[in-house]
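Presented sequentially are two complexes of subunit A, the first with subunit B as partner and the second with subunit C.
Let's turn to the complex of A and B:
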């Protein structure tokens, strides 16, 4: 009954995030209570920065542990007698990616919250709690912690979507996200229940022996689980919530949601497929008669491939007709869910490393694009309309240049990392014979050029339609995020395999800027899943 | 495997038959006489004097929400208490890990003024 040994270190990244959230909550109430003793109110901006600092510190600790764990390559289960959570190379890289996204979102939010008048400490607490949920999901090797993590991720995000509670559209966003999100959770849970009925266990690995591809109970369960995941990563036809929710939620929340939830969903799905679905068709069963051995049963691969194709087509076509930047980026994120699913459906180690690499690149390019929207917020309002980007190159040349880089990356044009990300996924798909998917992906990337490059055209070739006062200065947090994302997108685009970017001597001092091989990280993480 | 669930099916069918039979028999055999007083909402034999759709303080909502949260959380203490001696210090540590975030939540809502009426 009492486990002989438990390895608390497995919980470290999750624990740091959760403890950080509690510290932020306690800090906020204690500070606001102490005002009456001090006799004067605290500087709201100072309090916000301090609490943002506390949350970033706890995230940094989690990031440090994840990186250490990834470097060491250890494999540890929290409770070996009943394996539920496992920290290994894959979950360590996944945790590091999610924590990085959370860190950048914290830095992005500090000034924005003040501009739109929602500078409350609960923002950071909710963000950290959602992060803890995501970390639980990517560490889970069993459906129970997966579901607990899913709820812990989703419920704070519902609240965050409605965080600007005086704005009607933010409320609408929260309500829609809550209704559809809880519906999706219920669908996933129903699938888990059916799989439990079919296999007698909630462990991912139990699907390996217990899953009978002929049994309607098991197939229905697997289908519902896939639907639940598709909702969370907003793949077509389960994407309808995304544009409304992304548009209404505060931009800093949308930035976080669009990258972190998608990363979590895809990474948890990879873990589930690696542990559970591999023997559906047997390791070595080919997907669609490709030359390379796929990991997925052909039918599951076809389902995921179908979702991928629909997402790419609908996401890119709908992005073309949007006149709101946040809706445009929402449909873009639907399309990117499609590109990611191409990698997942291809099912080889090569394809999965390409998908993980894609996620890393996507995190930076999408956060960067949203950071521009956040940095342009003025006077309590978001800069949402595509038309309001007209002539931005003259008013804010730096922001316009960075936005162009991020949009080129989202389109997939070299020398940005977006190109290598797409190239990796599509070439892996071609290698297993998924040529139709690769063709759809490339054609739709061409369509997306029109959707994305409208904005640079407006910024550089049009006159500003109205001059909304003196342009605000980007704040240090926003500058840091923009710079970090731009450097990552360019460095990974020029040197996806790592190497030395700059090497020069200044007097006696020798400077070298080398890029780590992120592609190798992705390969190492996936190599753990698919030896 | 599915045979294990036959009992549930039997209860389900028997329940539906029983309820359906009673309601059906009532519909078929019972006398039906309608008059104005009978169609009114029944409130302890008194005539309703106002519509029940009234506005009430949102504070009730907050209290109800907090009650549900803590009530549900407190239920987890009972199974722990039942096997307290067997789990000994490990169980004590585990329940502390469970209680601490709960206590933080309580302190937060208290200091935030959530318990003030």
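Let's turn to the complex of A and C:
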């Protein structure tokens, strides 16, 4: 009954995040109670930095393990007698992406928390616990760990959304997120229960074996599961919570939420579809083939395609009329959920690779845009109004230039990576015949130009309004995040197919340092799911 | 039809009816919460029919006990008014209606009963404390650990949101 071998390595990324969270909690108690060498209590700011360092260190270890696992290409399950988690190339890449987002968010938060006056160590502990939940979700090959991971991701995020307790909008954000999030979890769980009733097991493999596309029970279950995911990635019509929650939560939390939760949702959905649902050959392809194609394929592809179309239309149109930057970026993230779902709905290996690549690019460009909002916070307040960006180019030229890069990337203009990401997703959709979706996507991208490029216009062509006072300097953590995101957004755009960075000879030894293209990584990861 | 099957359909119907009643009692939250108790107890009875005594006991203790008590606490703390609670005359109509409904339901069930499938046999050892314990601490031990993390997250989150003063 007790398995002979237990592959603890599968748990390593999750474990590092969880242990990091506990160390942070312990460290906070010990450091704030103890006294330094001079007999004075530790400076709160110093304690915050130390604990941020601890959490970043644990995340770095997790990142290292994930990358190593991706490179080795091994597959291990936990535990072999009753598989719940499986570490493979796909989940390793997904873990690496999520951990990177968490790492950048930690670096982003250190100074911001001080500015806003919420510098408490619990922030890092909650962030790490949420990360552990996300890692569980993308490693799961069974509905039970998937659901527990979902809760472990969501509950810390509810608290983080309300972390700025004195601000009413933060409280409102936490409450709204909690209510809608619990509802979404319940819907997903209901779907899982119905699927269990239909197939008699909770594992993805058993779902694939026992799924009967004619059974209303199984179809309802799968539909509810998809709805649960749609809530989490804020796809229209399940998006109403997003603008309020993103606006009210502290900006550093919003930055983390908008990228990590979306990445987790899409990656876990891809994993579920690949391992548990249709025999792949193109969810989208079968939409065209008509009634003789499997019911599951066609109907699921249509549902996902419909969600994608609605998200692109509503997200971009609503983004145009926002005058709050955080709300604008919230609607933008709804629109990006739509672009991502185009890739998911198209359903070929090519389309899914494109969707994973899109996620990687989205993580950096969206995190970068939010990092600007974070860096502009002054005197305990966020700089939220679009109008307050006026004349920023004169007051803080570096930030204005970086913001322009991120917004160009979000719009999808070359040579930023945003262009190649969109191009990949839309061309994959056209290749399986989802031309209407691609057309909607392109038209809506044009609409989004107005929404995004208002801000550069204000920054460069208008007189400053609020930044008359001496502007603060961006702190080292913020600078690191901004530069990392900008480099990633530009490098992924310039090197979409990889390339050789260094190629030189030293004596008889020839060195060739080549950059494996991120697109190739995405392909390799998806190739694991869709052989 | 076996006695167990009759009990199963009886408790199944009760669970569904009182779940509906909980939804319909929007104005009277206490009645809604008490309807929830009936649903939970009916589910516990179904677990007993499955010979899952341990799960049934947990169901009663946790759901029918702790969680509904929590609900009632919240309802009383919020001090909701039930202004639109119906006066006595309407209550009589309701009782009469309920009696007619029960009678109609009984007739319906009598007509339906022969068509209902019999219950399949429960495998030996299913759902007892031993089976649950072995499943939890061998196959699903990982989930137990993850739920421990989840509880930690919930405690930390609740403290962050509710503690009077965070700075030491």
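One rule holds in what follows: the second predicted complex is superposed on the first by the 491 of 531 C-alpha atoms of A that agree within 3 Å, B and C clash if a C-alpha of one lies under 4 Å from a C-alpha of the other, contacts with A are read in each partner's own complex, and residues count from 1 in each chain.
Definition applied: a residue touches a chain if its C-beta (ideal position, glycine included) is under 8 Å from a C-beta of that chain, and two chains touch if they have at least 3 such contacts.
These numbers were taken from a predicted model, which means no experiment stands behind them.
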**OP:** Check subunit A with both subunit B and subunit C modelled on it and let me know: fit or clash.
**Re:** clash
**OP:** Considering only the touch criterion stated at the top, classify A:44 as touching first (subunit B), second (subunit C), both, or neither.
**Re:** second
**OP:** Going by the touch definition up top, name the partner, subunit B or subunit C, that contacts more of subunit A.
**Re:** C
Original post:
Of the two partner chains, subunit B (first) and subunit C (second), which one does A:26 touch, if any: first, second, both, or neither?
Top reply: first
**OP:** Answer with first, second, both or neither: which of subunit B and subunit C does A:443 touch in the superposed model?
**Re:** neither
**OP:** Have a look at where A:18 lands relative to subunit B and subunit C in the superposition and call it first, second, both or neither.
**Re:** both
**OP:** Mind working out whether A:126 is in touch with subunit B, subunit C, both or neither, as first, second, both or neither?
**Re:** second
**OP:** Could you look at A:483 and tell me whether it touches subunit B, subunit C, both or neither (first, second, both, neither)?
**Re:** neither
**OP:** Figure out whether A:149 sits in contact with subunit B (first) or subunit C (second), or with both, or with neither.
**Re:** second
**OP:** Tell me which region of subunit C runs into subunit B after superposition, given the options 5-13, 23-31, 59-67 or 77-85.
**Re:** 5-13
Original post:
Which subunit A residues contact subunit B in one complex and subunit C in the other?
Top reply: 1-3, 18, 22, 25, 32-33
Original post:
How about subunit A: which of its residues touch subunit C in the complex?
Top reply: 1-3, 11, 18, 21-22, 25, 32-33, 44, 78-79, 81-82, 84-85, 120, 122, 125-126, 129-130, 132-133, 136, 144-145, 148-149, 151-152, 155-156, 158-159, 162-163, 165, 174
Original post:
Which bits of subunit C are touching subunit A when the two form their complex?
Top reply: 134, 138-140, 142-143, 146-147, 149-150, 152-154, 156-161, 166-168
Original post:
Can you list the subunit B residues touching subunit A in their complex?
Top reply: 83, 86-88, 90-91, 100-101, 104-105, 107-108, 111-112
Original post:
What does subunit A use to touch subunit B in their complex?
Top reply: 1-3, 18, 22, 25-26, 29-30, 32-33
